[in-house]
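Chain lettering (A, B and C) follows the sequence in which the chains are written, and residue indices restart at 1 in each chain.
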């Protein structure tokens, strides 16, 4: 019973984070019809920004200061700052790397996206950037503090914060896409870019905003992930790359281009991974994720909630 | 029918007169030249240059095999694969199993990396190695068949992800395996142990070195030292290049190109696009498996899941994209360039900038020259070559006839 | 009765709830030249896609040839249908853009070649003979279509009219029994149309092929087709000789709108 509750808690917390990152893939795919490989690196970057800001203000534990005092406003401040910085990063990437290729074959865009991803990863690893060592993130919320226990399993504050914040952000996004003017413009561009522009929608602006929103959500996911684990590894560490990939898998499995599908996909992937790790083998959790991906794609290539697109002959 | 221009293919084939002797000669001479070049590189060039340079020469050869094979699936058939290192992994491990246990059990030798090759040049040791390369290729081709099947339903980004997933799955599976038995234990190892004890996340150990820059020398007593690694590597390069060139200029190759150019039209013209795609994956995987076998027996190479991971796949993709997807000479050029470049950067003390530089190159190439340096064309199709080299060539060959 | 080359029997397909083509039937005799016309969105290209296997029909059948060689096509893959002897061109041109003109045609020739990968790699005498024959035949086809002098140009850089000619040459290279032409004169000027018309008529004799033609240019269709099927909203509203079609009230209504529509406009 305890193991089951523990696995469920892990699934929900991790699934929320995957979902936040998956939304960015889905939003971009919706407007531009390509998989933004660099998105996982924006996610990573979010975590690193929280570290960098924490280090700047002396909120990070070092050898000299074991447990620095962190003010209450640090959490919202770092969250917003990371989201804003990553939004700018996302918009810049789109402007410099993807916009020149708007009419190019999709393969070229895909290769460019891989290039951007590698550039971010490997630049982040350089000595003057974040370096090659793991770092502690500021302990904005203690990752030990407990709310109480269910069936002998401690429910941690940080997990509750993750689920609540992720839920709020996703609800906000849902309202934005379906309830606002810019959301309507995004949906119009997603439906048909050419007609949207004929209708007087500024397509470039909509695409920029989409990248900004997706990147901000990823940054929030990155910061929360850092909080949960207390430290972060080097930007090109395979764990990070895999994390981004899993978020991507979540988006694909849920049906890329579909907001609710991304959330469902995030939870599903986290469940496969956590339950597989707990009940089958902990060293094979990545295997389960990719097996699920391949199965879903082979059975229903458009994902569980996606709609198939047929090429016109 | 009065118009002779409308005669069908079968009639025309029947009307062709091909002299079998001339055809045989034309078919064989590129192989002869390839063998000669590989031999010259081994016995004349390698001893004349430093070990360091000879190692780079070796690495260039292996890079050409790998990038050249990726070009079949990415370049010709246009199916974007970012899991090519996975095929190397299959070929590498399969061949290492063959040479490790083969040396011990069949040839009765202690399989320690630096002992002289058993039986000398093309002796029992070398033959075992060549057989291992072939087995590595065949195993990888089987994996290529499995990975090629999703390409029937998926394209572009989705296919790329599946190929990546294939590499990751393979990696996790290999990481679960127990260590390779020591040479003493290996003598009694059963077949199941042989294929399942791969060293986990550590590297496969014990396979003999066959591919090393140490010059192959035979002394007065007939004893051999060193290896004919450069010969074998460039022999494979030669065979691969002849294969891909003949493929590209044949009806089989044009079918792959047609799939890349317009899948719907290809299908409508009678090209079985499913079969073409799977064929491309199988062929590419076969040569990648052989490339992996060369890599696995290279001196100093770590046969593990890290050195044959995603990073390796990306290195190969960059070679193909930069050289020009579909261009054989372009990919050879960029494989050589991108093998030398890291060494150059290292000598300048800026090797930590290698990956950022590669990444930036990839982005800039896509924006400025999306078709890569050579596009789909070959060196001899390009303007400067046509202007300067072709006339010279014509003059030379005409001079011979006169 | 003349022998049939292509026969469609009650072909139907629906996308979602929309019946794109319903109960389409026609028969093209050997060396016949039939037209398929109708207003935009009538289902003509969908009909081509049904015949060539791009879409599988919900019901109905397609037969190619007659007597012992009569083959049922529906249910086969497009590539298998093409190898049976049904070739097509595309309304929105689909060439192998990066390849040169000659290689576009040679690609299509290649599906009739028998050499496998090993023969190709070793360049055996049989492969060499086949390869030469393919080149020869492709050049001759380009010559018939009048674009032989452009054989080594990149196909995507050809002028529009020549791209349409190349599409026909490529389709002929597959050695079809029936050729489907989807708007072969779209976007051409009067002179080019005139040449294309003569060409289409000559193909039947030269290549022993039946032709099914989709075309918006009524003048051309009425002049060269022996039999015309008219579609509107997927339904066959008329079928018969050009003269009968021209005076058919249902056809006039489909093209010009119902008489009371006109009254409303007036």
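Criterion: contacts are C-beta pairs under 8 Å (C-beta built on N, C-alpha and C of every residue); 3 or more make two chains touch, one makes a residue touch a chain.
In this text, all values refer to a predicted model and were calculated from it rather than measured experimentally.
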item	value
Inter-chain pair with the most contacting C-beta pairs	B-C
Centrality ranking, top chain (CA atoms only)	B
Most distant chain from subunit A by Cα centroid	C
Subunit B and subunit C, separation of their C-alpha mean positions in angstrom	42
Whole-Å gap between the CA centroids of subunit A and subunit C	49
Cα-centroid distance, subunit A relative to subunit B, in whole angstrom	37
Multi-chain contact sites of subunit C, meaning residues that touch two or more partners	54, 90
Junction residues of subunit A, two or more chains touched	313
Residue list for subunit B, restricted to those that touch at least two other chains	264
Sites on subunit B touched by subunit C in the complex	1, 3-10, 12-13, 15-16, 18-20, 23-24, 26-27, 242-243, 246-247, 250-255, 257-258, 261-262, 264-274, 279, 283, 326, 375-376
Complex contacts: residues of subunit A adjacent to subunit B	34-35, 97, 100-101, 104-112, 114-119, 121-123, 125-127, 236, 238, 241-242, 245, 248-249, 252, 281, 283-284, 286-287, 290-291, 293-294, 297-298, 301, 311, 313
Residues of subunit C defined as touching subunit B within the complex	52, 54, 77-80, 82-83, 87-88, 90, 94-99, 103, 106-113, 115-117, 120-134, 136-137, 140-141, 143-144, 170-171, 173-175, 206-208
List of subunit B residues in touch with subunit A within their complex	78, 80, 82, 150, 153-154, 156-158, 160-162, 164-166, 168-169, 172-173, 175-176, 264, 309-310, 314, 317, 321, 352-353, 355-356, 358-363, 366-367, 370
